[in-house]
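Next come two complexes, and both contain chain A; in the first it sits with chain B, in the second with chain C.
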Partner chain A sequence: MSGTLTDQPMIDFRKEFFADERDDNLNEVGKPTRRQDITGHVTGRSPFYDDHLFEGLLHIRCVRSPHHAARVRRIDLSAAERMPGVVRILTGKDVPRNLNTLLSLLDFGIDDEPVISTDRVRYRGEPVAAIIATSEARARDAVAKVVVDWEPLPHVLDVEEAIKPGAPVVLDIYPSNKFIYHGKYDHQKLRYGDVEAAFRQADHVIEGRYQMSPIEQAPIETCGAIATPEQNGRYACYSATQALFFSLAVSSKVLEMPSSRLHFIGGTVGGGFGGKVDSIHEPLAILGAMLTGRPCKCMWDREEEMQVGAPRGAERWYIKDGVMRDGRIIARSFTGYFDSGAYTRLSSYAIIKGVGHLPGPYTIPNVSANVYCVYTNRTPATAMRGFGITGVDFAIEAHMDKVADTVGLNPIELRILNAYRDGDMKAHRRLAKNCALIECCQVVAEKAGVKLSPAMLAASSRKDGGGERARLPISTVTDEHGLVRGFQGGSYGRKGAKPAPLSGISQTMPLATPTASQSPPPAAAPQQPPPRVGSMRFSSISGFRRR
Partner chain B sequence: MALKPVTFILNGEPKAAFTEDGQNLLDMLRRGVGDLSPKYGCAQGSCGACTVLINGDPQLACLVLAEAVEGQNLETAAGLGHATLHPLQEAFMQRFAAQCGYCTPGMLMSAKALLNANPRPTRDQVIEAISGNLCRCTGYDPIIAAILDVAEGRRAP
Partner chain C sequence: MALHRGRGFAAINYPIGMNLGGDPSQALIHSNPDGKFTVALSAIDLGQGMKSVTRQIAAETLGVPVTDVYVDTADSDTGPHDMGSFASRGTHRMGNAVIMAAKEARAVMLEAAAEELEVDATDLVTDGRGNIHVRGAPGRSITTMAAAQAAQFKQGRTIAGRGIFLIPLSEVDPDTGEMTPVSTFAHAAMLVEVEVDDETGEVTVTDMKSAYEVGRALNPRLVEQQLRGGAWMGMSHAAWETTEPYYPARDHGPVDFNTYLMPGPGDLAPHHISVLERPAEDGPYGGKGPGEMCANPVLPAVVNAVYDAVGVRIDELPVTPEKVLRGLRALGGAKPRRRL
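Moving on to the complex of A and B:
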């Protein structure tokens, strides 16, 4: 067999679209190419973190809460300490800075989550101690000997139950079980035009409720890390992390150790899909290595991966559309609830990203959204492939089908009719460019054998956009609904820190302005974005900028 | 904890290791003799990442007691191909049948067992043969295509 790639590519390259925008002299883009790491994969020699062997390796296993919510009255380690092979037992007191939130590295959110909980647990499986033993089996045996005096507390597992008055409070810093956006609202707002007025003008008002359950990333390699002391006061950490520098920074923060003393080795990841960004294992493995002087491995078994591993969080969406008889959608409002689980992790960010995506790839002149990041006593949620977008896209597209059914249009034609065209103004006040939804719909219809009308076949992302469609709404209705006073978190800062200067996050996000825009709309001509030069850098001080 | 010696053939070479009480074959192969190609995915027989051949039969190393392989003939992905790659390895590379690569060694061994027993499998027989091997990246189609490429008479040019 030759070394060249197969001439039967599994991807259908449709080169007739946007041919004038594409440079066909590219060497790699648009052609199948071989992964640089595939020889290691097919010979079983790719170095996953657990493929590094160490003499005298110790194993860390956590003692976990059987309750969704409980107070920890007392932890009795005496029997576990006497078990064979037990070298050391870690509790929250051993963690130098036992409180973190992942996005604090971007000055976003308040530290809310202990590495090892000391007094209270907020989800089933939350760790309260970690056994370090000479084998995994001995660590398991010792875990079974730890006696925890639990005082079960009321818990809440549903987002809409969690925000009712009197619901059990998950995190004391968020007493209404809602993340506080921009230091002043209990939800992320999007306001664009006047949806209520448009609903009154619409021929149909169509409502829907959509729910997406949590999804576990389920990589075949479970999450884990091995740390080992080096001879120069540094610690090497071999990790399955998807986010090596993120894990390095989290470890540096919670261990109060300069990152120059941490030597992270990774990059070969046995499947991640978002589930390996939370940096849970690295601090524990390094702490174990610090306190025992021996290499320590902290690895989830499959059951932990499924129970404790942070999933794509559940989302619930309510969508209301105002639609004209001909299928044009003139207003769309959203109420969304992201189930963050017991801690923030990445959910607050997922919502900001998701709201920037609303109302989906459609030009709708009036859009409103209230999206809540809700704390419940479920497993904390985190990243997973397109998180923040995927759940609401499911809701939007299911709703589009419902709208098509109501107005009696073919669902593909409804999408083409409402799709963004180049030059259209989007709800987050940026002009659409490089649109391709119409072309995608046309290919889908062709492949599915759906006949489109001549007008729909002639539609193009390049035509009929901009102009009137580039205008901002004449006025946007705003409100102070959900205003929170006296919140101490600062706009993006950590608790106690002074608010961070407005960063790139806020510049690119649909901040609700407290005053209605009464100024006339700007000129209709689509503005050209600045030319793209160099790669983007993010700085929490100066925001996004190009090199 | 008593240590027990066990001897076996691994990819054509005689090997010896000490096993601990209750140690599984996966752990002995990885830590005992340093063959890292079988992977830990679940340790409960549900993912197939640790698939090895014992006397030609595909077995899950996490469910086999290490001491039970005394005198047996073991094959793992580390032994596939020598100076050149095995046709299955070539086909997996050609077909982009690995992304993260973690399921690949087990997948290759299930495929090898199939082709040893049935050199001209149908697509359905390929699917059946790898039904115990989970892959979260590829969606399986490239893997099925790669195995079919190697099946006798259907090799890609």
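Moving on to the complex of A and C:
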């Protein structure tokens, strides 16, 4: 690439920064060593899951809902069963435990999603049957012969429509179409200081609304797995998973099979970007192998990858900043809506990650956020590169530009002015360390020929932080807005359960039972924060809640 | 009808290592009969270089050349438990597990060498080129291969090491959001230049200048690969990609790469990258994880540059010609800002 105005190098390593914090005399670390696997990759020799060949391999294709929401009155498989090459047809009844939520492995959330749906579908593309046939083409032909008697139901696709009273309910266990956090609130809260008081003191209050689009991970290798019976009652599974033991654990759970009977092989994957965590294909392929005694492949085509495979979820953010004339941001509040689609998958967790990230890399003395995980009748969302952060960073940094414009400050100087520094208290109540935002801003300004003031040039992540900036707010305003009842403490716990290894998969997953619906509207915010009596664990890998 | 140039800026940080912790990674290392080492993992190499970076970390810690280390992943029968390759946790979590395993294996290797050299193991050092010698006396040395073979075939020792890394799960307060979410943060700043065609609404990214702070560039080539590819993805997120072009409606959803638009080679902007390294205290050799954060600053930088060029704020991604033209119409034509 060429044609640059500045003739700058395409990459440089600015070793002069933080040199006193590094030992650069290492033998192997820091060297541009060629990858161990690169020759195989560039010559097409590296074995991916679909390069493993099996005699008598069977192919699995799913029958999918054409509706955003529908009741399944009846599935007539008789014509499909008579199609040439059809070996077996799977329905939800064939799945030993046909309900799961991905994060149950972290003891987080309530099982909500069937492997193969039985009586109801909640998004276009949801599977209701799986054909196992001797070739992919024959499986496709048989899929076309399955007759489903659908009763279309009202659906909702927009996050803010979905949380209005009277909106179609996507999942009965979440009647207000919102995930329940800690068994207590219908959103995740962040409260730090008093944003409302600060907005009243601010010279400018700047508001914005931002919409992040849903995006496909688009790996070249589509998601899939091949399972084959091994000896001794075991099954081998060759998989494109990004998370070997995660997929093994999900399979073990929904198939009610001890993990020791599963042998997962993978590790060389043709791109993931977050789209290969959901563990959709492994259980189906293994179930097929169990019921036919033959190797089975379950693999998405490109259309399924793009429209059935979970995308990066769309996010909608509202940001409000209180800013002083000199550019100091004294308050920032967020309302966020994550579009989880029809099931939880990983969205509830992305929100916790996002909330821990607020208000971005800045030290702001008053911060508040309400972030909702909202169910809609679309393809469930899942992880993607920058999960929980990319969307809100788009919102924050587009908003920062508006702030700079309002106060008439150079956009780079606005960032340096507000940047967090070593020793500053962050909104999640931990001290910042190892900061380097200011230095990144300075380097880019220098490269782009943007003149910074002497004060901005002299700023450093390593000085002028801490002290006053390390103090927690004198008081923090809390409230019980969005309080719910009827969900068990934490929703995740079962008192007295024995700790089990994370992927010692034979364990019974802790099952929370949502017993009732949501509480009446929120109570008024109390002026004084209630005393804390020890925070509640939001999840546990060991299967029980700890204090 | 004109082309308008604009510049937009954004700065970000990114949490490294799976949020809140509670996600173990394990590694096993053993010496082979020829004195080389196999690292057994269940981590996934998605193309990001997991095998390579763990190989370099193992070699560095063992004190042997990188060519003496082979990384085997992922087989659940031989590789110990790992949560997976996501959440910028691979290098951070697995790197630390590999260091722990390599230290244990190295200690046995040095004990074996000490027995052969008839010295105290604490007096031995490795030169990173396949030799173990007495500190300050390079002449009194033994190769790592000879030491490993002596251990296995003469002394009856197994040169092996076990490693695990686990940050305990953090609580999250329902009322305040108090938590210990992350291990460390990576950082980035980005300035992009765009050209906006006020007749067609097309936005072209013409140049990107960035600074990324990655803790330590464990392998500078792999870091560059991530940053270059990730910035491309950010540009693609900003102005091209979506599975639902009329979100929240599901109509016109793309089903293949003819309809799912992404920038091709001709659309790539020159990207001038600067890498800064401020080691993280709990990162493997200070390393953070460049893989996820590299796309993030590009999205806002592009919309900010469009505003700089023509005065139109695009608050809904992606930036499409349709949105730009509608914005220009509402504004009564381009109003260049030129603030940067």
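The rule is simple: the second predicted complex is superposed on the first by the 472 of 547 C-alpha atoms of A that agree within 3 Å, B and C clash if a C-alpha of one lies under 4 Å from a C-alpha of the other, contacts with A are read in each partner's own complex, and residues count from 1 in each chain.
The criterion applied here is as follows: a contact is a pair of C-beta atoms (placed from the backbone, for glycine too) under 8 Å apart; a residue touches a chain by one contact, two chains touch by 3 or more.
Please read these numbers as outputs of a predicted model, since none were measured by experiment.
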Return the chain, chain B or chain C, that is in touch with more residues of chain A. C
Just chain B (first), just chain C (second), both, or neither: which does A:A137 touch? first
Which partner does A:F17 contact after superposing on A: first (chain B), second (chain C), both, neither? second
Kindly classify A:K402 by the partners it touches after superposition: chain B alone (first), chain C alone (second), both, or neither? second
Counting only touches as set out at the top, which of chain B and chain C does A:G44 meet: first, second, both, neither? first
Quick one: is A:T222 in contact with chain B, with chain C, with both, or with neither? Answer first, second, both or neither. first
Taking the superposition as given, does A:G271 touch the first partner, chain B, the second, chain C, both, or neither? both
Quick check on the superposed pair: does A:P32 touch chain B, chain C, both, or neither? Answer first, second, both or neither. both
Looking at the overlay, what does A:L53 touch: chain B (first), chain C (second), both, or neither? first
Per the definitions at the top, what is the overlap between the chain A residues touching chain B and those touching chain C? 1-2, 5-6, 8, 10, 32, 34-35, 37, 41, 218, 268-273, 302
Touch list for chain B against partner chain A, complex: 20, 22, 30-31, 34, 36-44, 46-47, 49, 76-78, 80-81, 85, 87-96, 98-105, 108, 134-137, 141-142, 145, 155-157
Which chain A residues qualify as touching chain B in the complex? 1-2, 5-6, 8, 10, 32, 34-35, 37-46, 48, 50-51, 53, 135, 137, 217-222, 268-273, 301-302
